[in-house]
Amino acid sequence: MLKDAAKFEPKIVAFCCNWCSYAGADGAGTARKNYPANVKIIKVPCSCRVNPMFILRAFQRGADGVILCGCHPGDCHYSTGNYYTRRRMALLMSMLNFMGVAEDRFRVEWVSAAEGAKFAEVMNDFVVQITALGENVKLRDLRCKK
Amino acid sequence: MLKITLDNLPKLLAALSELGELQVPCENKSGKVDFEKWNAEKRPRFDITLTSKSAKDLFFPQVEDLLAFKTKGKNLSIEQIMPSDKKVILMGVRACDIKSFELLDKVFLKDPVDTYYKARRENTLIIGMACSEPEETCFCGSFGIDATAPGGDVTTWITKDALYWQANTEAGKTLTEKVADLMEEAEASKVEEQAAVTKAVLEKMPLANFKVAGKIPQDELKTFNSKIWEEISAGCLSCCTCTYVCPTCHCYDIRDYAVSDNHTERYRCWDSCLASDFTKMAHGNPRKTKVERFRQRYMHKLVYFPNNNEGDFACVGCGRCLQKCPVNLNIVKVAKALEVSEDV
Amino acid sequence: MQKIAELMRAKAVELLQSSKAERVLAWRAGEFFYDNAPAAFNDVDACQEIVYNEFCPANLAKYLIEATKQQKKTVVFLKPCDTYGVNQLLKDHRIKREYFYAVGTPCSGMLDVKKIKELGAKAITQITCEDNKVIVETPYGTKEFAKEEVLLDKCMMCKGNEYKIADEELGEKLEPIQFVGDRFAAVKAIEAMSAEERFAFWQEELSKCIRCNACRDICPACSCEQCIFDNQEAPVGGKAAADDVEEQLFHLIRAYHVAGRCVGCGECARVCPQGVKLGLLNLKFIKDINQFYGAYQAGEDATTPSPLVSYKENDPEAEEAVQRRG
């Protein structure tokens, strides 16, 4: 199938923790669940490895949406990592909202290793959402365009 | 000498903006006054003595692209990115800032000439404005600058009801011819009266008697080794506020920015000798401590620069560092400390 | 205030002579009445130059990092609000208790020379403070202001006159500024805007930034050995105020990095040469933390863990938290 050249194809960055969400992505593949190729996965040891700057930087360098996936709270491979993630990302999301940028382009989801179907579902849903929002211009690095 | 009433001033500004990009001190939304491109909606603030930032940005912007490297297959192309050749009319520049252009010229127009600076400088016409309400932080007099006669291609004076206009250079005269219709002939007496009042105020200012020339030992090694540096730098935060608001500070860094895999841009941006990564080399910053970096800034302004430039200090007494330093350290305090220090 | 300055000089001399400390951190007078600078005093003679008046806003806490590095026992004069910053530095293990001797110094609010100038006093030759009046002399005549009109913004949100850490207190506590109203009022006003308005507001605000880093360098919570924005190896390293987006990233990351550790001293906004309303970003984090995870004041003591290094099993999810705020 040829791609429609005029159709907007968002770039989505997905930070996935090694133990649950990345395995969940694997699970989606094994189970032949489709999710769009717009999603580029970056594997991290734990969702709490993700510094808020990673997310902002992804937006800056051209991502239209960023999603962070980790183990369900209570199931962290390192026991408590994702509890910290949850606090950090709540504050980040609230601040993005406060600055009028990108809050709806950023999502946090908990996906376990057994939830391949959920992984595909979340990604499909997120791609639809970002496609509807269109290109991210507010948090792009504009210097290269000057 | 010509004059125009203040009611008619917008007409003059409009006429000037037809002749080039008119930059005047304008109040922005946050209440700060800085040089901005004028249009009929903007409110010029000639009543403010000093703009928040200095006027050096017009010739030496904080960030400026120099080159672009592009690859296509195995071919590499290098493009020079030159500033646009638009004509700029810079109006309302005070005597201190005009002197700073002269000092920057000594740096950028000396061989090897900085083509970026030169291009902007040559495309800009300067309309100076005499000060009538100096601030207590002003000390341009310490460097022999007359706040009431700023110079420039054209000099202007603002009184309660009119703007007075006097062309100084050929370029200034050509410009005057184009806008003379809007103005009427005037006597210089009003201007002289104002200058006398301004000078009287300046004499009452706390820094009226502050002098630098002849007071600071110009022996580089001795001043360098003075004991004052350790003590006076203790309060410095090593931020770059003084450098960035200074009309004469001119250091910059050159960096590359990867736009994409096959496109890189080389830009320069202001730098400060107070920054920990200034002139960083393989072994690190040659000035490893805050004391050394602090000393460098003032040695450059008060000793090295005059020693290399016929005695001109790299300071024009605008007083921006006195107003803006978060911890109230500034060149006046350093110069006074050097002066009384026994070991130099 | 004059009396306090005398007490400070006497105390500094006493502590140096009794060998309880090697160095004193206090303020030194400048060219004008209002430009006192933080300074170190190394001997008894130098201590005679210590001054104190309504223009000593700078928090001396940050200089204790250097004292700790040099392992020099230092006397530090702390206004009540400054003590929060010291506690935070202790908590962050950036200073050591054995290297400083804290002397609580009474304060009844610091004044803002910028406000005095904005109210029309040009070419100030003298400022005198009497009770609640501030009298400013200029060549164009004398102007008189009420103290509330010219208080520093940070003093309008005074935290009170208690010292959160002090080896001893100097003289009697002074009456603190009574803060009335809501410290989050300005934050709430922005929250009430539409997303587009919020975006426009911050674009305008942050595009003023010239990246001098004064906000970072004065901040008692910003105490990294090397800031990531100074690190040439980091892709975000850079001195450029290239465009608003860079500034947005810098200020967002800076505010985030001090979230949960920001003591709300307001120094970042005070020192900004461009008048960027930086305090709003920090206040926003403080407000969110209080609302999502319970009231917390950084610097209250040197031991309670920050909300960002602790958690509860039933914390709200990110989306939920944003919605709950409404």
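Chains: A, B and C, in written order; residue numbering restarts at 1 for each.
Note that a contact is a pair of C-beta atoms (placed from the backbone, for glycine too) under 8 Å apart; a residue touches a chain by one contact, two chains touch by 3 or more.
Model, not experiment: these values are computed from the prediction.
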Most centrally placed chain, judged by C-alpha centres: C
Most widely separated chain from subunit C, with each centre as the mean of CA atoms: A
Centre-of-Cα separation between subunit C and subunit B, whole angstrom: 30
Subunit A and subunit C, separation of their C-alpha mean positions in angstrom: 37
Distance from subunit B to subunit A - Cα centre to Cα centre, in angstrom: 47
Two or more partner chains touched - positions in subunit C: 242
Set of subunit A residues in contact with two or more other chains: 143, 146
Residue numbers on subunit C that touch subunit B, as the complex places them: 28, 30-32, 35-40, 42, 58, 62-63, 66, 118, 122-125, 139, 204-205, 208, 210-214, 216-218, 226, 230-232, 237-242, 267, 270-271, 273-276
Subunit B residues touching subunit C - in the complex, by the definition given at the top: 28-32, 49, 52-53, 62-63, 133-137, 200-201, 204-207, 231, 234-235, 237-241, 243-245, 253, 255, 267, 269-272, 275-277, 280, 322, 324, 326-329, 332-333
Complex interface listing, subunit A residues touching subunit C: 52-53, 56-57, 60, 73-74, 80, 83-84, 86-95, 97-101, 103, 107-108, 138-143, 146
Complex contacts: residues of subunit C adjacent to subunit A: 187, 190-191, 193, 195-202, 228, 235-236, 242-246, 248-249, 252-253, 255-256, 259, 281, 284-285, 288-289, 292-293, 307-309, 311-313, 315-322, 325
